[in-house]
Amino acid sequence: MHVAGTAELFVRRTAPVGAKPGAFEVPADAQPTRIRAFLFEAGRCEERHIRDADELVAAANDGRVAWIDAEGLGDGSLLYWLRDALGVHPLAVADIANTGQRPKFEDYGERDLIVAQAATLDDDAGVAIDQVSLIVGPTFVVSVLERPLAIFDPVRERVRSGTALVCRMGADFLAYALLDAVVDGFFPLLEQAGEVLNDLEEDITGRRPVGTMRRLHAVRRTLLALHRVMYRQRDALGTMLRSEGTPFSEPVRVYLRDAHDHAVQVLDIIESYRDMAIGLTDVYLSSVSNRMNEIMQTLTIVSTIFIPLSFIAGVYGMNFEHMPETRWRYGYAGALVLMAAVAVGLLLWFRRRGWLGRPGTGDDAGGDER
Amino acid sequence: MHVAGTAELFVRRTAPVGAKPGAFEVPADAQPTRIRAFLFEAGRCEERHIRDADELVAAANDGRVAWIDAEGLGDGSLLYWLRDALGVHPLAVADIANTGQRPKFEDYGERDLIVAQAATLDDDAGVAIDQVSLIVGPTFVVSVLERPLAIFDPVRERVRSGTALVCRMGADFLAYALLDAVVDGFFPLLEQAGEVLNDLEEDITGRRPVGTMRRLHAVRRTLLALHRVMYRQRDALGTMLRSEGTPFSEPVRVYLRDAHDHAVQVLDIIESYRDMAIGLTDVYLSSVSNRMNEIMQTLTIVSTIFIPLSFIAGVYGMNFEHMPETRWRYGYAGALVLMAAVAVGLLLWFRRRGWLGRPGTGDDAGGDER
Amino acid sequence: MHVAGTAELFVRRTAPVGAKPGAFEVPADAQPTRIRAFLFEAGRCEERHIRDADELVAAANDGRVAWIDAEGLGDGSLLYWLRDALGVHPLAVADIANTGQRPKFEDYGERDLIVAQAATLDDDAGVAIDQVSLIVGPTFVVSVLERPLAIFDPVRERVRSGTALVCRMGADFLAYALLDAVVDGFFPLLEQAGEVLNDLEEDITGRRPVGTMRRLHAVRRTLLALHRVMYRQRDALGTMLRSEGTPFSEPVRVYLRDAHDHAVQVLDIIESYRDMAIGLTDVYLSSVSNRMNEIMQTLTIVSTIFIPLSFIAGVYGMNFEHMPETRWRYGYAGALVLMAAVAVGLLLWFRRRGWLGRPGTGDDAGGDER
Amino acid sequence: MHVAGTAELFVRRTAPVGAKPGAFEVPADAQPTRIRAFLFEAGRCEERHIRDADELVAAANDGRVAWIDAEGLGDGSLLYWLRDALGVHPLAVADIANTGQRPKFEDYGERDLIVAQAATLDDDAGVAIDQVSLIVGPTFVVSVLERPLAIFDPVRERVRSGTALVCRMGADFLAYALLDAVVDGFFPLLEQAGEVLNDLEEDITGRRPVGTMRRLHAVRRTLLALHRVMYRQRDALGTMLRSEGTPFSEPVRVYLRDAHDHAVQVLDIIESYRDMAIGLTDVYLSSVSNRMNEIMQTLTIVSTIFIPLSFIAGVYGMNFEHMPETRWRYGYAGALVLMAAVAVGLLLWFRRRGWLGRPGTGDDAGGDER
Amino acid sequence: MHVAGTAELFVRRTAPVGAKPGAFEVPADAQPTRIRAFLFEAGRCEERHIRDADELVAAANDGRVAWIDAEGLGDGSLLYWLRDALGVHPLAVADIANTGQRPKFEDYGERDLIVAQAATLDDDAGVAIDQVSLIVGPTFVVSVLERPLAIFDPVRERVRSGTALVCRMGADFLAYALLDAVVDGFFPLLEQAGEVLNDLEEDITGRRPVGTMRRLHAVRRTLLALHRVMYRQRDALGTMLRSEGTPFSEPVRVYLRDAHDHAVQVLDIIESYRDMAIGLTDVYLSSVSNRMNEIMQTLTIVSTIFIPLSFIAGVYGMNFEHMPETRWRYGYAGALVLMAAVAVGLLLWFRRRGWLGRPGTGDDAGGDER
């Protein structure tokens, strides 16, 4: 699971410091805008392309439930249309432009703003987090994405079909359906994170962890980013569920409760995964410690046995003229016996300390420590 | 205590992403469905097998208190019967099918949904967590298990006897009795975890920990999973206890309070065990450190004594023609005396630093460090 | 401070799994029952032994304030008398029998249940935690202990004296007095734990910690157990203080507030001690690290100086026929000078790195690191 | 990112101990005072310099919205003017003088006090935290800064222009605009901290971390300081948003909510960064451990192979007269073969333990561990 | 900053276990009592010495605002006078005697009890925590200190002056003034702790930390003790600020809010310091690890280079008769060249691994790691 430099996951684009309230700047690298309107009622669905403010207002006030589905901020015209033609509050428009807002619900009368954060898999299997902004009016929902994302495709299919539940309900149900799609979009990422964690667990409790700490760090970073986003998302859903000023009618709230439930479930899984990752870190560090112990023990045993033996050899390698032992018939044999006795004595001492049993068991039972 | 790959304990089956609300998929490996109905009143109990939607509805509306006891999702017919014949809300049915829901109470009028999570010992002594779904109506309870579990056997016995308290009370008491069985099912697992922890404690404070970290990790993982489940369970029980829309009458709430109490007790024990496991991890890591210290100390003492001695021997092993000492009568003896003096000096220095006393006490008093 | 196997501090006796609500089992090793009744009014106190259900009911309904003081569950008769003759709720009786309940207050009309947990010093200076169950009626209090404990002795003295405040107040004051005795019973244990911590602190910041980690672990375990118990106790006292359904009259609540205060104070001390223990663990681990560093430094200095010297000696110990140096008149002296130069050079390098200053200061200022 | 000594970030100037309430002392090194008044209405703005108490009161009571913009405490005259001429509560004046107050809102009738903390980049790229005090009256705002700061420059520009929104609103909007400037001033600091963290991440997962721990410590310290300040700021904004006694009218509260939102966003980013920094610390420590392991392994392999070989050489270097092997024709060759056999045996043993594969992979795959 | 044995900071004197409610024991080492009464109104102040219960009551009921300022518990007479002559509740008197109560406000009608904890610098620069008990009546405040403390001296000065604000207000303002003096008494301690932390920071990031861990531990211990005390103090002040039954009139509450604010500020600083201390611990431990790494690296490089060289020397030091190389004319030179080649090869290998660059940079850039 690749992720971009960590801080980038959290740095958010914001208005220039000290700018007047409601100011926004469309980033230079904004994707071109593409706006579609889905106008639907039970059984049929009309799909239009929106090219100017008038078409936008016409679609919103069509009478049928309208989903104005915009992707890309382009040159920012959309934002001016929203503010000046559709009457969206300037602060709401600024929140759409200055992406990186936390998920929230803002009550602006008949043009409520809902901000959500979608998490998707990047082209190179990393995690991308994108702001999803919804303007919910009496009969329309305007959704604005920074760049085209696949997460709304299933909703588009259902809307086009004309037969799905969404076609028989109002704009509030459409808003719910979009939020639900955002929340459900976290599950594939969690599945992938779960697989990475299982792989890591096998590697760590197995013999040869390679690059483990870095991979653990990457997963923890991803989980951290997902947690932050989903935590706020759950709170925003809870607010919409409970508070009075939201556009959601009583029957739709039953569904919204379901989306809230999914958000809680996602958070639960993320938290479990984070605890797992912390546990794995501990096991990994412990295995590193054990490996070190094993290495040191080998060095110590070998050194401690041979250093005294070499010393004995060194003594009899001295060139003194008067070294009686060197002339004895069995001097050499005696020296070898002395060395053997020292070696055996040390081996016995090691065994009593329990150091020798270790490497032996290390091949079978002890293997689970590494 | 064996547990499956950790992430598997938390990965939950969920509806396909972007699916329409209320959608569910019966997993391909679902167990065959087996549905029994217990119709009881004080003194007697009738037991039936349910084979189609009509029999289901007949049992539910029999007038007597009915427990419809279903095991296995099979081909999903049960789910359609519940939705279409018994009038259970589609979202509730989806929650039954998409197992892995958090424990919760959902008020859907006269077909309330209660989701609980049962923890049981697996065939190979691991921990399995299964969703228990209850639909509570005015005179009936439908319980759905993913696969046959033993936890409801005692309740079945009591219902069949016709004399137990449950036979004299309503459907709400039956729902309580099933929830109580789920909560009480955690105690045997905790007992086992307690034994594992006590064993680990003995191993760690004893001499030879083998595979300790891995076993600690496994216990912590299990406790983590149990904690997550029971935490939500306690909250759900608390909600049912306090809120107005639940099917529980005042006299049954006294009993429900007792189940809530047991849930709190289970959580308490789990938390204590987790703290214990963390404490043991610390003691274990400290013992690894101490062991390392001891090894290094041995190596250092032996090396530091013999390296200078070997150097002296090396000096007198040089082949210079003009080495006056080698010709002295007592040169050899002098060299040996010099070596002994160096060795004794170093030993005294070690003793003053307190390094030599250590291994000596290490056999008795110091033993409690390992 | 000795404590039993940790898990045992938390494992609690509970009803068999799946048993019907209100079921209980008297443990096989229950202590024989001994029941005394103290019937008192201002100035005098009558003391009776209770041998059957009738005597129990007579004492409870005597008109005077009655303290029925039971120790030991024996064959369980007491429990049946309470349930069947005195009208205590079956769930309350089950909570008395299945000890290990968390401290709590349960409102059952005129037979309220209060569960507390007493902590006492064991025979072998360990900590024992025992359940104290109180049934509070309009004019009587039944107290049930699993086994005889000394904590109620001061209250018995005061009751017998006939002059204490408790003799002039109602059953609610008596219940308060018993709870107060339970809470105050924690102070001697805390005093002991404080002494152990002070000893540990001296040992750790002193020179020779022995068995430190294990002793720290034992204290932390004890503090953990006390914290769990007292945490719930404080909550239960807070509930009794604030809620309406409790048997405590307004004047007695002033006293109950005092007991609550003591509970908060106990918790405060426990938390401070836990923080202290964690701090000591850190200091201890750091001292282990420092010791390791010191050992490694010694080894490194000695090895790094002598290994090159030995190499030089080894070179001149080679047996080549054509080694010009060996024939030089001052070859031997030159070799010795070379060795001395190498040694001095290395010593200077060590001093520049600051490694040599260390052991020197280690005897005075550095001593506080070990 | 340079920061001053950590404690200095938190030490605050306060009134002398035991001083009477409302006492203050102007610090000896206070900056000279400079007071400007901006009197504005839609379209035009008058700017005056304030030199005495009368001019201050005249500006405040001018009728137009007045921003009295003071920088530097000077000789404290301003404080006396505020207290004695403008009727600001003595405690509020003391809070202005004794900087280091936590961000807060204090309701003193028509002279409310708002304290905020501005974070700015120091001259030497460190973080400076300055108190911003606002006195909000019906038609004026007095802002007091300890020293000239650039954060209010954009607001001054907007006020002077006469066309900005702020010129058409009341004093409450002006107060909001100043608070908003303070909150937005945190973003450039966060951007910088994010860059530092990204650099650190690259360094740590790359090959050669230098000074890493110290730089991590510096970032964490800065984040800690920013978190403390912003945490209180968010709470103060939340209080102003919700409570009744604040000077903010309903339309301005919509904007204040936006500022509160930005504060939450800043906190979010800080918390993410702190988690990141903790994660990086773990990765760094693990890489240090791995490096140590690698070093020890190299030492152990080399030592363990050559120590026995040297011993063999030592044996045949002994000077016994009767060493049969030394006279054998192939003794030398035999000894070399023996040595080679020992070396190969040890290498095979190392390979079986998996120690030899490591350094090889260490150059490519293992490189991500360091 | 010297502190007493840690546990002593938390152990509190309490009533004997099982004692009747309201019981107290005057400690044997109590300081002699000294009681002064300050009777004041605007402009003048009368000061009396109180020697018996009658004088106490006369002062309290004088009509003027009376501050009865008692230091030392002596033989306990004061406590009996308070209880029996002034009508203070027995539980309140017990709380005064059994010092170590947590800071709190207790409503006993017209004789309210306020308990605070004062922190002061000890004679030997350690921290002492003393209970300050206030009995607040309609026109008097009785303050009881265990031993003479300087913290009330500024208040005494202000009272004696007759011109301070305190002389124009009621008993509630006097109580506030005393509480304010207690809270402000924490600032000098925090200043000292800040200096200690700054010193430690310099030592740790500098070259030679000595006794660091112990000093860190001492500061953390002190901060822990101060935090516990101030945490409760803030809560008690918050309670007095908000609740109805307190003796504080509305105008005085504005001042009390200020004291509460100071308490929050103290807590804030303490928490920041604790975080700093934790951060410093991490940096310190990391520097210890780095030092160890550096030592091991030196040892490894030296050993790994010289061990093979010594082996070669050892081979040519063997005494076989048939060693052709020893007879070669350039055998010796060849051996030296071989050794040089091995040494250079190893050096190159170390450089490629990056081990050699380290110690070189360690003198300049790497210095910030230690």
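Some observations on this one:
First chain written, first letter: the chains are A, B, C, D and E, and each begins at residue 1.
Everything below uses one rule, namely that a residue touches a chain if its C-beta (ideal position, glycine included) is under 8 Å from a C-beta of that chain, and two chains touch if they have at least 3 such contacts.
A quick note: this is a predicted structure, and the numbers were derived from the prediction, not measured.
Considering the contact criterion stated above, the chains in touch with subunit A and with subunit C alike are B. Where touching is counted per the definition, subunit A and subunit B have no chain in common. Matching the C-alpha atoms of subunit B with those of subunit D calls for a turn of 145 degrees, to the nearest 5. Counting every residue number used by either copy at the subunit C-subunit E contact, under half are found in both chains.
Centres computed as Cα averages put subunit D at a distance of 25 Å from subunit E.
Centre-to-centre spacing of subunit B and subunit E amounts to 40 Å, using the average Cα coordinate of each chain. Under the contact definition stated at the top, the residues of subunit A that touch 2 or more other chains are 289, 292, 296, 299, 303, 307, 310, 314, 317-319, 323. All chains join into a single ring; listed from subunit A onward through subunit B, they run A, B, C, E, D. Residues of subunit E touching subunit C in their complex: 5-12, 14-15, 17-22, 89, 91, 100-102, 104, 106, 108, 207-208, 210-214, 217, 220-221, 224-225, 228, 232, 281, 284-285, 288-289, 291-292, 295-296, 298-299, 302-303, 306-307, 309-310, 313-314, 316-319, 323, 325-332, 335-336, 339. Note for the complex: subunit B touches subunit C at residues 151, 153-155, 158, 164-166, 176-177, 180-181, 184-185, 187-188, 190-191, 194-195, 197-198, 201-202, 205, 254-255, 257-258, 261-262, 264-265, 268-269, 271-273, 275-276, 279-280, 282-283, 286-287, 289-290, 292-293, 296-297, 299-300, 303-304, 307-308, 310-311, 314-315, 317-323, 354-355, 361, 365-366, 368-369.
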